[in-house]
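Below you'll find the structures, each written out as structure tokens.
Next come two complexes built around chain A: one with chain B, the other with chain C.
Here is the complex of A and B:
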């Protein structure tokens, strides 16, 4: 690590940002219903005023801690703070009812930190190698790669195939607003000058994640619960149980960390899917599978390690190909683009210091998370007492002012409202959000590469398969489309069979 | 799948049709059969096909809205939820319409107060909270980040 990179990571601004965002992430993640993605979406207006390195550090620190903090309300109230904690919530809550809430939280905190560090180590090893291959990509490969990313988002989306595809097309339709690149024709702008550059990314993310969350919060049962009786375990007892658990389940933690990183690297498959799969795999290999769901620390360790490792994994496709691995990296790509940085293989050659600083910040965030996490666990009963009736209007106002701050235009507020309602209706109808987000981020990239390729190929679609890598990527994408079509037919026919019964 | 999917399918079909119709009016590239309308048209067809499939799935599946049990308690909670939802949406519309004319401080204070009261926070506490949050946001965005928040009718008091 060069001295420049070292000072970029350890300078006061960056350290302050990481410290503050670790606290912020812990606070938001611990409150049930507020997701890590929402925390990042609300943070984006602030990153607008930062240099690229602190901006990315802020996103990384917030995400890693918010995902861990989701375990706090899951353990104490059986309400996962973020969806990534849902896989092992029954184990964590059962442990807490047995008086071992701190043990469970200490295990999930340390495994989250281990998972995060393993994830960054894999990211550091894999990303530069992949970037070397990706540097030779033309518009054909870029088109197929982005299409593959969107297809993976549909494949791993937590909805039926038609609904996941519908989400994707909603995202692509939103991305097509604004001046087109081929002839500069304004599309769907209806005379509003603020829409000429397209739907502004920050208000869109704030609307889809923060505003829709506020709508859901004000509709839910707003009675606040307290968990003060559940966290009376002594710190010394919890620490010794944690150390025993870490030693006993070291293989599970290692396997879940690697698995989480690999799953996180798949576009659309975020920390929650990684946690579910790692939990299922841990149960499959466990000596006591029947104890899973009834308060098994192995399940907590597996899910806790995997969901944080997935956060680092998601950065691999984002940095190397400019294709986000999850909603958070989709937002991060948007932030980098706003700062004039285009993620992709060239960033490894043109700005290696940025990449190395990013890796360093990742490590640092995962390490600072340990003391912050211990603090959050100690203060958790107080955090959980803050009623959501107070949080919802405050989050709403932060969302509106944050969106307005980017362009000093009320159009941003209208975008928050419109896309917030769209996001809310999508979730109400079980249409997953991830493919739409990827569609919004990748829509322009796909269209640009598609139009450039079509003009180069003079409309000959076979040219999309002429180059070696484009052939491989194209065939994989088409095979996945065939698989998705088959899955869709099975889904519809199984619905019909149910009706006959 | 249930009746909700039926409406969802119809809405997606309609949305796809509307985007396709709008896109058909876009110009094409010189010497090429396609242009700026190509991508929105692909998205529109995709949406329509998905809408049709969701509609089809809802028609062949069993569950219907009628099966969802109702209770007076649920009805009350449902009415409260609807009221809160519309309250939040109206607050945002009000905010967007009056932010620049009435100013950030006044509009923010008003919507916070209304929403706290709507969410059954005590009146005095709502006023105190709304004032505190407005001041904090002013300090963060206006004083610290130098975002030009509009003062509106309070312009003479601006610093």
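Here is the complex of A and C:
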């Protein structure tokens, strides 16, 4: 890196922008219902008055911290800030209930930072090559990738396999509401125009996680003494536990970071699928797979590293081909165009300083995130001091306002209430919630790619295995399905036997 | 033009007579909070890019955020309905595209241009015929000859079933005396996803706007075979036009408008019209247009409404011709 690039990154303007944006990202990300995409969209008007470099730094810093900060509300209130946090929200929340909220959040924070740094390092070294692979993903590969994501949800669901499947299918059923992509026929909309576009995942997520938790709180008689125990965790204890976890799970963290970057680079995949797959892989290789979903730091570390690594990965197709990987990079491309810069292979040759500064800002944002995050965690854990009886109605209020704000439609409020009751009933019957969320997020993607592929193949299912990558992904997915189905049969039959006894 | 001169003369007169308020009150509506900008197509396509650019400039002008919301799905119905049925208070505007004049013909919806308030024309985008680099087809003639000999073997993509780029392909095939499905149509959520598909080798040809494919053609990833326009694109002078390549003079262009919901009050519509006109005159807009290889266009609310009405009739003919009408 030349001196010019160094000064471009470390000049006062750029540093100030990164600093302010990490604050902003933490704030927005921690508020349930506000997403990283929304944070970046709100930032766009400010980028008019910035040079290209600080403008890009601002977007990068905001997304990085917002994705991490989604873990704060997930850990403390069980409202994952983004679907990417949903993979390990049960682990994080269990830890928090056990009085280790700070430990869990410190691990989230440090692994997020590590994941982010690894992601940029990979991006720097091999963005063009990575983009080449990413761009060769057609509808067949996208279908398998999304299927793999769903499979991972069942694989990691902490319930039995049949119950995880049940949860997943509830999610997929919810995802089938709205206009069908291939033939344009409205399904399950009952003439409500707001349902034409489907049920968006934010109200769904708020309902299933947050509102159902409120319902449970109302039922259980929490005495306030246990509540105050929860926050007595000392920062020093939490830090030493975090360091222990980092060294113990270093392989998981490294693996998840690399995996997250690669998955994030694939168009249409992004941080959500990355977190789930990394979580599932971590559980597979873990020495204590039974603890996953019940408050395992390894799961938090795996998911936390993967989703932040994916943020960096998502820039690959955007920078190399000008094809956005997700909505954040779509906005970023818009900002670049506004500054007269056209992303594409030529930007690497024509404006290497811009690209290098982008990478540098990524690094910096991930590092500045650490002190900011520590501060945010220390302050936000005071929420736990508030007795649950007072907290519950506040969460309810936030949930409803948040859901309304995101879509400015009253239908969103009904979705929160209805799915909250669904979530509550699912929990009562020991059906895990997380697979349902992934079903809602990925259902449309899967259906879309399946229908497009079927039209292309004229109904020939073998076409799903014709292409190189689709063959590999397809075979892996099918093997996992066979494994899951056998496990399901075993679980059902052993369950029957137990009942007979 | 005459009426415009007259109008500005009146304005000058009014100003001198201290009657500015009476005139300005008509077109000086301003949003005081965030505005939602509905885009019926996916991120990464031409509508999205134009809308994001325009909303950035509008946001700069009005000092409030213009949030671009990609309401995709339903082959454009979802986004157009969301736009048409929004509260006409000026806080929801969006991009109505040429599909507003085609969707009702193919029986997707009852929605037509009568259900929106056209504000200004943003872009006119002629279709192109684009293949992947290294494709066996070096010219439009070769492609069409192959499709004629092997009907149904090739696949094309670019937008939804019955969407504008589908009409571009099917209409062109038909004008050449072939069945409209000699190249099978693979629906996609918009030009962006279709570009991903052709890059991945999932389809053989895309008929998205040449401006949408321009950047990848320049990078050498894709090859432009034809431009469905009477004139070549100045940014891509090597791509021949369909008029040069084909015996008949088949051309087709889509358009993007900025529009409001049905019944948008006149003063709000003309304020946005003026703001858009101002945005189109900026250097940023000119640079953006140049980078996409298209020209800066402008058409006010009234002219635009007439243009859409005409295209509604014309495209209806094409749709009936290829047997997609319901």
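Points to keep in mind about this one:
By definition in this document, the second predicted complex is superposed on the first by the 275 of 501 C-alpha atoms of A that agree within 3 Å, B and C clash if a C-alpha of one lies under 4 Å from a C-alpha of the other, contacts with A are read in each partner's own complex, and residues count from 1 in each chain.
One rule holds in what follows: a contact is a pair of C-beta atoms (placed from the backbone, for glycine too) under 8 Å apart; a residue touches a chain by one contact, two chains touch by 3 or more.
Since the structure is predicted, the reported quantities are computational estimates derived from the model, not experimental observations.
Applying the stated contact rule after C-alpha superposition, one finds that A:12 touches neither chain B nor chain C.
Looking at the shared chain after the overlay, A:41 reaches chain C, while chain B stays out of its contact range.
Of the two partner chains, chain C is the only one touched by A:138; chain B is not. When the two complexes are overlaid on their common chain A, residue A:125 makes contact with neither chain B nor chain C. By the touch criterion stated above, A:163 is placed in contact with chain B alone, chain C being left untouched. Legend: residue contacts after superposition of the two complexes on their common chain; A:396 is shown touching chain B, with no touch to chain C. Set against each other, chain B and chain C touch different numbers of residues in chain A, with B touching more. Of the two partner chains, chain B and chain C are each touched by A:182. The residues of chain A shared by its contacts with chain B and with chain C are 182-183, 408, 451, 455. Within the complex formed with chain B, the chain A residues making contact are 46, 49, 160, 162-163, 165-166, 168-170, 172-173, 176, 180, 182-183, 185, 187-188, 211, 214-215, 218-222, 389-390, 392-394, 396-398, 400-401, 404-405, 408, 410, 413-414, 416-417, 420-421, 428-429, 431, 443, 446-447, 450-451, 454-455, 459, 488, 491-492, 495-496, 498-499. Those residues of chain B that touch chain A in the complex are listed here as 1, 4-5, 8, 12, 15-16, 19, 22-23, 26-27, 29, 32-40, 42-44, 46-47, 49-51, 53-54, 56-57, 60-62, 77, 81, 84-85, 87-89, 91-93, 95-97, 99-100, 104, 108, 111-112, 115-116, 119-121, 129, 133-134, 137, 141, 145, 147-149.
Put simply, chain C touches chain A in their complex at residues 36, 43-44, 48-49, 52-53, 56, 59-60, 63-65, 67-68, 70-71, 73-75, 77-78, 81-82, 85, 108, 155, 160-161, 184, 186-189, 192, 195-197, 199-203, 215-216, 218-219, 221, 284, 287-288, 291.
Put simply, chain A touches chain C in their complex at residues 38, 41-42, 44-45, 48, 135-141, 178-179, 181-184, 186, 193, 196-198, 267, 321-324, 327, 330-331, 333-335, 337-338, 340, 342, 344-346, 408, 448, 451-452, 455-456, 458, 467.
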